[in-house]
Amino acid sequence: MEPWLDVIAVLLILANLRLLGTSRLSVCIQTVAAQALLLGAVPLLMHADELSARLIAIAAVYTVIKAIVLPWLLRRAARELGGTREVEPFIGLTLSLLVGMGLFGVSLFLAGPLKRAGQGHSGLLIPVALFTIMVGLLVIISRKKAITQVVGYLVMENGIYVFGVAFAVQEPLLVEMGVLLDVLAAVFVMGLTIYHISREFDHIDTDRLSTLKD
Amino acid sequence: MSLYVAGLIVLLVGGAAALVAGRRPLANTLGALTAVAGGLLTLVSSAATLAGGAGAQWDLMRPWAMPGGSLHLGMDELSAFFAICISLISVLAAIYGRTYLADQQGRRHLGASWLFYNVLLASMLGVVASRNALLFLVAWELMSLSSFLLVMFDDKQPGVVSAGWTYLVAAHLGTAFLLVLFLLLGSSGSLEFSDLAAGPNLAGVCFVLALIGFGTKAGLVPLHVWLPEAHPAAPSHVSAVMSGVMIKTGIYGLLRILMLLGTPAIWWGYVLIGLGAISGVLGVLFALAQHDLKRLLAYHSVENIGIIVLGLGLGVLGAATNQPAMAVLGFAGGLLHVFNHAIFKSLLFLGAGSVAHAAGTRDLESLGGLLKRMPTTGATFLIGSAAIAGLPPLNGFVSELLIYLGAFGSAAARAGVTVYGAVAVILALGLIGGLALACFAKAFGIVFLGEPRTAAAAGAHESPAAMRWPMVVLAGLCIAIGLGCPLVAEALRPTVYAVAGALGLSVESDSPANEGMALVRRVLPYISLVAGALLVMIGGAGLLRWRLLRGRAVEPGLTWDCGYAAPTPRMQYTASSFADPILKVFRRLIRQQRQVHPPEGLLPAEASLHTHAQDPFTEGGYRPAFLAVMWLSGQVRRLQGGRNQVYVLYIALALLVLLVWKLGL
Amino acid sequence: MATAVSILHVVLALVLAPLLLGVINRVKAKFAGRRGQPLLQAYYDIAKLLRKGAVYSRTTTWVFRLGPIVSLAAVVASLLLLPLGAVVAVVAFPGDLLLWVYLLGLMRFVTVLAALDTGSAFEGMGASREVQFSLLAEPALLLGLVALAAWSGGLSLSQLTGTHSTGWLTGTAGAITLLVSASWLAVLLTENARIPVDDPNTHLELTMIHEVMVLDHGGVDLGLIQYAAAVKLWVFAALLAGVLLPVRTAWPLVNLAGGVAGVLAVAMGVGVIESTMARLRLLRVPQMLVAAAVLAALAVVLVLR
Amino acid sequence: MIAALVLVPTLAALVSFALRRPWAARAVLLAAAIAHTGLTAWACVVGPAPSMEGWLALDATGLVFLSLISVLFLACAVYTVGYLRHQVSQMADTQEGFLFSHGRQATFVGCLLLFLAAMTLVTVAGHLGLIWVAIEATTLASAPLIYFHRHHRSLEATWKYLLICSVGIAVAMLGNFFLAVAAARGDSAQVHTSHLTLSSLLNSAGQLDKTWLKAAFILLLVGYGTKMGLAPMHTWLPDAHSEAPSVVSALLSGALLNCALLAILRVHSVLVAAGEGAFSSQLLVILGLTSLAVAAVFMVGQMDFKRMLAYSSVEHMGILALGVGIGGAAGYGAMLHAVNHSMAKGMLFLLAGNVLAACRTKHSPQITGLVSLLPVTGPLWLVGFLAIAGSPPFGTFMSEFMILRGALDSGRGWVAAFYLVALGVIFVAMGRVVLAMTYGRAGAATPSESEAVSVAIALSAEAPTAPKRIREQLWSIASPLALAACVLMLGLWQPPPLQNLLRAAAQAVGVRP
């Protein structure tokens, strides 16, 4: 199954780059959903020989929440908000891509020592995890809209998940569910907030969300 | 011992009771009464300690549920001396204060005011009695806080809030140095005074820390800037306590630390002399430039602290170079001046309070002719003025004489390089003396003599008896100490010996340190003698004058104004004009804003001279520094620009930096 | 014997003090080619004033009346502390020099207050100048005392001027004596309101200092003031003469005679100065006093080196 | 027993959500707060045993934080009752004058109780994963609280709070993974997360992989540090504190930040046990100093008094991190300081609420003479300033003194100097604002031109235009008074049992007192 992991890793990288390269909000959400779908598959692939009901259950719940529920929420929020459907980056898309490539390099560099320390299944999973986290941060930092920041946050979460999977951090159910619920709730609350923002502000533009400052 | 503790308890309980009484007139009486009662108890107790020798000293230790702390009080010669000063002045000021505040009864929350006053007293008495560093610091800050709260009593007046702020900040920042000081001294783990000791090579650091920390409280230049703000802002009986004794706790602290540090280094003496000289000269110069009576007095506190520190510096210099006579004279002079200054400065502040109370203003240029209207206040103020100017036969002269003697003795002995320190002391004292004389000639002359310059001054009335008596007592003390100086010096001897002994000088009865004391014993009777003779001669001359004028025509008339027959009060010389020539000589040292409109032309129109003296340390040092910090922080605030994206970037950067730095990834 | 001579000095000083004014005036008259007033004119003036009644301004208070009395008492007290060359003072003890300085300060203080008590701008102005100049004279006086104290090793005025042998203007001792004397001459001229600092002969110029301060005094008060001023002149002259004087014999009476002669000589010297110099502009006076202080400081450095 | 501590407020919250009547919600709030305090007191006495295989465990450190949370919450609950009683349906904004409404009172109370439950869970959790969940839960429970005033600024603050804290929390989760990896190294190929209970981590600390452990600490420090308000991750804090209702600010500052600190302390204790105490201490000291510096800079010239208090929280979190990092006497000092800061800051925010209600502005230059205007709040405002600034006779002085002592004893002269300079600058800056507000002629709030304001003022029965003495409600001053008394007591007398508890707490986080 190892080769499949590499394929998934590459797909994840491509998803990240697509995220950075697109100018459309809907594409962003779509990409995150796709990423989550891929992630759901990773633990199954990694432990294909010792599949347990619990593992499958977790993977299923995860996939449902992150690939279906949350994107649906986001899409709804985006629709409610109206406004432009562009992501409105602070830095140009090309530059975003270039920075993304740079970040990938950094990830590879950082992953070196980590890999030595950890026990790698796929040479690519750890750098991909780091890369995904960084891209998530990059999206939060470099995009104007509040909703893209939620997207960035989700991407970051995805990266952390990849990391957990890569090191086979197999947590007891309670924590795992707790984590998932927290993420769900977080996004839900964020979505709610954005909904309020849309009512309070003319259109969702975090430019307007900078009246509180020193 | 039990009297002292009882006094503290009376003060605290009384203060609390006054607080409960709140706005009722009872609060005023209750607060003053307990302040007097508590002060008398501690006065008696500490006087007994000082008089009773080593046997009367006490030490009281109780556990305190506080890590590092203990309720450890003690009374030795030094503590007792300062406790006497504090109690005496506080009692008199409390008597004065009750009447001073009487017209606020029912309108203001006097209970709180008396609570703060009593806490101030208790904390000052606690400061001098504390034998545990933590307890000392708590008492120290309580003292600052309570006096700050008293300063804020008239917070509706313009400028008081900023004065209070300046004071609070100065007090607090000064304390920071003390924290470090005591922690360095207590690095062995215990914060009991008996266990405090400077680590190797740290004595100098400790001295500097003590100098800054305690110097701030004492008002040494350039740490004095709070003093001329805060003291005038407080009610006058509080100013008397603050200026008279509270700033002396700084001197106490400095002495206490010097005693803990043992044999001093030579440079400490030079530093003290240098700071003392600067404080003394600049203090009196700034005072001369003031037009606000209480502000003027406040600057004089800076000056007198300078004189005291000159004495201490001489003492430290003597201790460091083993010149016991000089050391003993320096310490004796400094300590006696602590006592003397407490007396005449509180007298002057009480007098200024009466003036402000009666005339409604403290502006010199609006006063005048008050001696006729307030005879007792005027006479006592005159005595205080002469005393603070160091004139015989009053007490101020005696303490300055002792310092002079130490310095002259060193010069006469031509004892190495320290002679130049001694010469500096003499020069500084001489200059201070001359300037103080000028300043008090101005203060007394403009306020009490001549004709009233405003209707308010013309309508002034003498204060009630309860305000006059404390002043009379203090003025009497000025004279009594001047005449009875040998007795006073004898009473002071244990304290001086304790200090000198702790600083590494041998004070056995046949040791050289006694030269100093022997000199004091030899000289002071002469001072009494000449002072007595002076009084007799004044009486004689008065008698002569009376004899000559008897039966002759003595007529009232107008002041002879060189043919100009109708002088008006506005034609009198003003305080600004009086001080102007001297200030011009020293114009480089003080920043005075002058607005001169000289008379012009053949028929000159209105001409005027307005001077406004700002403290150059405030204007040239602290304010620009504050503004620079403000500006800088204003620049840095852009970092908090309101954008989430940037904020997340900070997090990412922090993460990156830490990871790269710590793990070398 | 020595005590009797000391007392005799005080008596002589009290008697002869007004004579000094006569001497000065005579010298000035001689320089000007006039006959001049009688030598005893000051005595006549004082006597006449003491016979008069008094007019007091309604503005004044008891401070005004106290001024002349206290200043007379203070200056006489300072006389008690004053040696004349080898003639020790009546009261001599370590540190008496400071009491001496501060007694003169007391005299100044009461005079200034009495002046301010009149409420007149003239007197206020005089008072202001008085404190300014005497303040600046103080360092010169004190530094001179330091130099002599360090040289003689004594803390009493009598030791400073009396017991040590100055070696009459030779060597280090001479240099010190000369420097201190020059410095103190300036102090003398300032403190006693002489030319070039002040002009004792006019009242109404705005440049005046001492005379304008006592403008409102009259009769007995003025008499006391003038007498006190004369004694003050004697005090300073005696100090100066004591330092400069070569007479150091074993016979006290000779010393006294020499001393009195020295005082008269100083008075003549003052007369010469007043005749040959013009009054300085007021702004120049501080410079002169600072220069005097520098001379005294030089003496100090010379001793302590 | 331990579970009850969490369950009681949770159930109360659920009840509250269901309630229709505001007064009932308030009653539930008060009852739950009292019950929680009672349970906590009981826990202090009994010292409950760990349950659920060490997932829930209450050690001395946890007990300290639990107690302070509980006490502060009780104080805030009392205050909240008074606060909600006087809510009107429409309020005028203090800055821009528009009208806004509030969230439902029952929801507000419910969220408060959930918030309490989450914070309690942090203190009783003995498993790092559970701590993470609990901390994330605090974020979610408190977000609606910040958005209680329904207007755009509070919304913006809520949004920033949510996003920044979520990012931080995500980083912390990564840190937890790292820790799990570090714990699994020596063991087997499979990482098993029961390793993440504190007890097992501490027991097997010696076998943890050092590199992963260090990386984990950095991630957790930055992650939880975001929540705790350590600079430069503190950026959400001033916004949230200034826009939230004052009682929420009090809880955020006094309780929530401490929870995050507790999480960091847990990890720190693991590092100390693993022999890497120097590493984590150094980082704590550095972040502590950074926070102090940032707080000092931003407090200079700060005009918004609630923001000023928020930056003061940054400062004190810095002091706490510093104290823990320095160790020794400072460790005890830090524990004491956590208590002191909670009390003092809680009091100050509650008072700020009173001031805001009376003066209707957060712009401090418009406020003067509070002493005359508000006879209790005014003096207490000054007391609070002195207490928070570390002036004797308040407990903060003792704790700051001990931290300084620790710094000097451990030879960190420069750290001590920096600490004192920062404290000095902050004192000066804060003093300027507070004194100007407290004293002088009472001439507060220049009423804005908007008509709405006067309507709102009339509704709230407090007329700032006529600066006369205002009679204050007992509800609104009882809590600040009690908290002030606590801080004062800690400066004059620290009960020996408390000393023992604090000492044990300091020991538990790995600093030897």
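Some observations on this one:
We just call them A, B, C and D in the order they show up, numbering each chain from 1.
Just so it is clear, a residue touches a chain if its C-beta (ideal position, glycine included) is under 8 Å from a C-beta of that chain, and two chains touch if they have at least 3 such contacts.
Only a predicted model underlies this, so the values are computations on that prediction, with no experimental measurement involved.
Both subunit A and subunit C are touched by B. Chain centres here are C-alpha means, and the one lying farthest from subunit D is C.
Counting C-beta pairs in contact across A-D and across A-B gives the higher total for A-D.
Put simply, the C-alpha centre of subunit A and that of subunit D have 31 angstrom between them. In whole angstrom, the spacing between the mean C-alpha positions of subunit A and subunit B is 69.
Annotation: 77 Å between the Cα-based centres of subunit C and subunit D.
A separation of 35 Å divides the Cα centre of subunit B from that of subunit C.
Among the residues of subunit A, those touching two or more other chains are numbered 113, 137, 140, 149, 209-212, 214.
Within subunit D, contacts with two or more other chains are made by residues 159-160, 163, 167, 211, 238, 298. In subunit B, the residues touching two or more other chains are 637, 640, 644, 648, 663. Pairs of chains meeting the touch criterion are A-B, A-D, B-C, B-D.
If you check the complex, the residues on subunit C that touch subunit B are 50, 52-61, 63, 65, 68-70, 72-74, 76-77, 80-81, 91, 93-99, 102-103, 105-106, 108-109, 112-113, 116-125, 127-129, 131-132, 134-136, 138-139, 141-143, 145-146, 149-150, 152-155, 204, 215-216, 219-221, 224, 282, 286, 300, 303-304.
Put simply, subunit A touches subunit B in their complex at residues 90, 109-110, 113, 137, 140-144, 149, 206, 209-214. Residues 637, 640-646, 648-649, 652, 663, 665 of subunit B are the ones touching subunit A in the complex. Of all the residues in subunit D, the ones that touch subunit B in their complex are 159-160, 163-164, 167-168, 171, 211, 214-215, 218-219, 221-222, 226, 232-233, 235-236, 238, 279, 283, 297-298, 300-301, 329, 332, 369, 371, 386, 389, 391-393, 397-398, 401-402, 404-405, 408-409, 416, 420, 423-425, 427-428, 431-432, 435-436, 439-441, 491-496, 499. By the touch rule above, subunit D contacts subunit A in their complex via residues 127, 129-130, 132-133, 136-137, 139-140, 143-144, 147, 150-153, 155-160, 162-163, 166-167, 170, 173-174, 177, 180-181, 184-185, 189-194, 209, 211-212, 238-239, 242-243, 298, 302, 307.
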